[in-house]
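Each of the two complexes below includes chain A, the first together with chain B, the second together with chain C.
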Partner chain A sequence: MNWTAVFGPDAWVPLLNGGVRLAMPIALAASGLAYVQRAGLLNLSVDGVMMMGALGSFLGAYATGSPWIGIAAGIAAGMLISMSEALLVVTLRLPQVVSGIALFILGHGLAVFLYRMIFGVTSSPPTIDGLGVVSIPVLSSIPWIGPVLFAQNPVVYLGLALAVVVWWLLEKTTVGLAARASGELPRALYASGGSVAATRWLAFAISGAMAGLAGAILVVTELKIFGPNLTAGRGWIALALVIFARWKPLWVVAGALLFGVIDSFQLRIQSASGGISSEVPYEFFQALPYLVTILAMWLSAARADRSYWPTALGDPYRKEDQHS
Partner chain B sequence: MHRIGIRRMAIVALLALFGVACGGAEEGTDTTVGGTADSDVVSVAIIMPSEINDLSWSQQGYTGLNALQERGLIEFAYSESVAEDAASASRVLRGYAEEGYDLIIAHSFPYQDAVFEVAEEFPEINFAWPNAGLDRTAPNLSGYDERFYEAEYLIGILAGGVTESGVLGGVGAFDIPECHSMFAAFELGAKTVRDDITQINAYTGDWLDIVKASEAVIAQADQGADVFVTCGSSLAQAAITTTKERDISAVGFVGDMSAIAPEGTLASVVWNLEGMFELMVNDVANDTFMPGKIYRPGVPEGIVTVGLNPDYGKEIPQEVMEQYEQAQADIESGTFEVPFIPEG
Partner chain C sequence: MAEGSDSLTRVGLIEPRGHTREIIAGAIAIMGTLGVGSLIFLSQGVDPLSAYFRMLQGIFGSPSDIRSYLTEITPLLVIGLGLAISFKARLWNIGAEGQFVGGALVGGVVAINLADAPGYLGIPLSLVAGVAGGAAAGWLVGILKARWDVNEVITSLLLNFIIAFAYNYSIRQPFQDPATYVPESAPVPEHLELPEFPSIEVHIGFVIGLILIPLVWHVLANTRFGFRVRMIGENRSAAHALGVRDRRMIVQILSLSGALAGLAGAIQILGVQHRLVEGISPGYGFTAIIVAVIGSLTPVGVLIGASLVAALTVGGEALQRFEEIPAAIIDVLNALLIVFAIVARRFVRNE
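Coming up: the complex of A and B.
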């Protein structure tokens, strides 16, 4: 068992750096989810939104040769699916669970279908130019945290900044206040002159943008190719994380980082422990990030009271029910 | 209220239709369906676990049958992305059996339960399935081997000559006999060139998670690995695309994947499914397919080959190439048999 390969001084920086990298898609999706769920909307389609974001970013980068336009296209594609869910759930008041899951399936199927329609069956798959790592000049030289936090892909920096913006929007502005009211007591928002529908449409737009960006990160950073099921359940992990972090946008980022670092760790320890000849079954290492996250969820639920749960989460809002 | 109710139902129905249409298996038919118009032409149906443009498993199956069709030997229909649970797969297999195809191929090991179930219901139809080392057949069901480990041994020799750090990496999804034997053979081949080679392996737990596979490669590259053997089409794609990020090389899986990153692809294990399926089609045409047997052609028969990459960025030392060619000759002549190590 090669312990220094995993725990030695040279190993920590790549491990944590990889942890941040692995965490970002989940962190962004969860950050948008925190906003939209605080507004009372389940948004179960998030994994499908991420998939469409991945496809959109691939197509955008492929067509124009610019990864940044790809990222913008990914955000737009994500918003397209999210706004469709808004149409179903907010305007047509269809059940949130069914609509969310239908759009999750649609997101995955449509992404693969469009990719096939455009590129067909070929032995030379299309690739795009991605974005490389950009080290921030002074900050990345700070011992320990420098190379971990400040030697990342530029999209990571953008994502972290946007996560902070989402937090600020939700907790510190009247727009966010309206969103929170829409998730706690929509009647109150209506009574104070706000529009629940408009607030919820905006919430979906924000969640769609963040999840679309999360999908774009998957493609435009290291991968630079597209494939089916790129998201591999990350949207669902984000949904679980939002509950664990009690719907606080900054805490979801912390939770995602925990998951990402453990995932980065389990991949390294698998190799160091001898891989296929290891005494500990490798399946245990694969399960480790999920186990740690479930444990953290359970601990946080045991301590917390249920007041963190947005009261109106999942309930449809009908104006005409006001006077009953 | 009533008006809104109908509208709502219509929309939900539309959604459900959309979901079903986009979610499930995609079917494609190249020619006439059903029995053969010409008795010399064998009608073949194949179900595949992934897309026909995966550059690997399913694409090789599709192009193999396509080639046979162009030679006038068969007519075929295919279904791609058929889910690997018994209910979905048996539904599609049963559909083809009811249409009376001569040969039905369930092109993935996890279709095991489905294909045995449907084969029992249609004893007069020929079925085939990749048995991955599990020698299981039925009277009308034959297995076909995946002897990739023989080719990986040869590529391992090249890897031994090319590696600078002496550390090799291996990424797969699960520790199944196919992957285990490939990784073990790769290491053995490399050790004939340098005996200080070490190999580290990791499993991601998901055949389709390309991002995690890429992270596994990076994790191993951080630990010094610079040549990677891969098991699984998405994992191979991930490893090869990661060669653009780090100074590493990777091996393609089941198809020539060098197009993704020509400079970083050392070689690919190529599965000549046209040849493999031709063996079965000939037996079906000559009525010698049943009772079910195992088709075991590998490197010696030219069914599994090494696809060398002329655009590979590093130079392979001359004496290593000679050792490779000698080993290839030995395997093809039967002088040397690559050990099959399915576990441990």
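Coming up: the complex of A and C.
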């Protein structure tokens, strides 16, 4: 195996550039999750929402030939399935864990089923035109930093901007204040004239849009095809990341970058290892992002400080409780 | 997350007031699922009645159909029983997929290396090895939860991937059969394959699953362990205050849940696949979550749930053979079943 392809002096820029690119789906899903969980909602379905976003973007881009319309369709598909979770847990006040897992399963099942309905079983999978790299003039010629940060897919710039928007919305606006109240002390939100239900529906819409976009990005920038399990558990990694980053949207992005680099690293090892007959245990490196996630959860739990947890996370809210 | 404060009844999983409402809710869920299924069939220009007839035919049409139906029930039943125990304690093990694969790997490797052992020794040893493999994966989730309060939903799910990669490596390198060119192990020695019943040719793993039903029921209903499981599920901090060693219980419950998934994995290798092959599970660990939830976390309910879900699976495969409906409809119907089940229960209880 050619190790210099992974560790050589020329390998670092592509490694980090790939890391930033691969971080985006997790960063987007996780910043949406930070918002919805701060509003008191677990939203365990996020990986299934990403699958629907991936399918929506694939269909949109396939039908119109435009990756950007694909991305819009992915966001819409993600919102649709996320709003179904809002219906279950906000309006019907169903248990959040079971509802989330149920919609996780539904998102995966429905996405694959719709894809097979439309395309049937094909010998070679249909592909779409993806988005290419857009280098930002001047900035991209800064040594080291330029090629890593400023020679990226336009979606990367969009994603970073959206993550900042989510942070701003959550931490700096009254809408975000209502969301945080809904996650800490929903009674207080109700008492001050706000609507817990509307706040939580909006949170699901935001989380669904972000997770839908996360799935869409996977398709239009990375894979350009659709297939079962293409999220590879990234939604669950995002869930872990939110806890690790203590529900702070900007820290979530920083954490996602770490995972992106690990992912980029394992992909390079896999492609350098020489495939199925290789004696290199490349499966170990494939497992690395998941191992690191569990390790990170363990570390962040070991320095346990429960005060960061949104107090009402996972609790149903019913107005009747006000009067009892 | 949000531990212990609300009871299982409020959470909406366990019905304390008899079985009638449970049955009504189940019937509503099934009718809702079949109803939406009919709409999907109509949208594809397929007559729903003939589609459902095809499904029934695929399940009961011939002795070999019935055999594959019972074979399909087995892993769902065995995994589902383990999940019912952990869900009852409100421990959300969604890592049964990995625990199943882990049990298949360990059980299969032991069987392959026990060619000299007689069947009455080699089969139980291999199954026990599978149990140990699954239990180890469950134990890890449990110890992280009990000692450091690491969320079990996420760790158990992520372990699925790690175990899958370990399995893929094992059949690609150390245990790969040099006689073939694909990533799969040598076959299990023939005398260590699970015996089959002469007339219907169903392997005895199905009977192991049936025996486990009263066993799990007894443990949950009549033993101190079962009582503590329910106490932790109702209110962990109250259980702790009453002297239940809740941390140790959490490790035990998650290990037990993993053990049953591991047993199912070993049964699958010894009874069905007869060697470690790629893609050993079509998602049994996830489907079993649906089984446990629609079965209201009771052992008999799990049997009913497993029979339903296996019927959708075997029937759905028949549908793909006869009509232009992709087999992926199985996953949609399964997912609709769990969504309708929790919604129906919500309404039946809330009158």
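Everything below uses one rule, namely that the second predicted complex is superposed on the first by the 275 of 324 C-alpha atoms of A that agree within 3 Å, B and C clash if a C-alpha of one lies under 4 Å from a C-alpha of the other, contacts with A are read in each partner's own complex, and residues count from 1 in each chain.
The working rule: contacts are C-beta pairs under 8 Å (C-beta built on N, C-alpha and C of every residue); 3 or more make two chains touch, one makes a residue touch a chain.
Just so you know, these numbers come straight off a predicted model, no measurement behind them.
> Thinking of the overlay built on chain A, is A:I237 touched by chain B (first), by chain C (second), by both, or by neither?
So A:I237 only meets chain C here.
> Could you look at A:L267 and tell me whether it touches chain B, chain C, both or neither (first, second, both, neither)?
Once the two structures are laid over each other on A, A:L267 reaches chain B alone.
> Quick check for you: in the superposed arrangement, does A:S124 touch first (chain B), second (chain C), both or neither?
A:S124 contacts chain B only, not chain C.
> Considering only the touch criterion stated at the top, classify A:M297 as touching first (chain B), second (chain C), both, or neither.
second
> Figure out whether A:K224 sits in contact with chain B (first) or chain C (second), or with both, or with neither.
first
> Look at A:L22 in the shared chain and tell me whether it touches chain B only, chain C only, both, or neither; answer first, second, both or neither.
In the superposition, A:L22 touches chain B alone.
> A:D315 in the overlay: touching chain B, chain C, both, or neither? Say first, second, both or neither.
So A:D315 only meets chain C here.
> Is A:L42 touching anything from chain B or chain C once the two structures are fitted on A? First, second, both or neither.
After superposition on chain A, A:L42 lies in contact with chain C alone.
> In the overlaid three-chain picture, which partner chain does A:I136 touch, first (chain B) or second (chain C), both, or neither?
neither
> Do any residues of chain A touch both chain B and chain C, and if so, which are they?
Of chain A, residues 88, 92-94, 98-99, 101-102, 105-106, 108-110, 112-113, 116, 120-121, 232, 276, 283, 286 contact chain B in one complex and chain C in the other.
> Any idea which chain B residues touch chain A in the complex?
Interface residues on chain B, with respect to chain A: 7-8, 11-12, 15-16, 18-19, 21-23, 50-55, 59, 62, 81, 169-170, 175, 180, 183-184, 199-206, 208-212, 214-216, 218-220, 222-223, 225, 234, 237-238, 241-242, 244-245, 255-256, 259-261, 344.
> Given the complex with chain B, which residues does chain A contribute to the contact?
2, 5, 11, 14-15, 18, 21-22, 25, 88, 92-94, 98-99, 101-102, 105-106, 108-110, 112-113, 116, 119-125, 127, 132, 218, 222-225, 227-230, 232, 263-264, 267-268, 270-272, 274-277, 282-283, 286
> Within their complex, state which residues of chain C touch chain A.
Within the complex, chain C contacts chain A at residues 1-2, 5-6, 11-13, 44, 92, 94, 144, 148-151, 153-155, 157-162, 165-166, 168-169, 172-173, 183, 286, 289-290, 293, 326, 328-332, 334-336, 338-339, 342-343, 346.
> So in the complex, which bits of chain A are touching chain C?
Contact set of chain A toward chain C: 42, 44, 88, 92-99, 101-103, 105-106, 108-110, 112-113, 115-117, 120-121, 232-233, 236-237, 239-240, 243, 276, 279, 281, 283-284, 286-287, 290-291, 293-294, 297-298, 301-302, 304, 309, 312-315.
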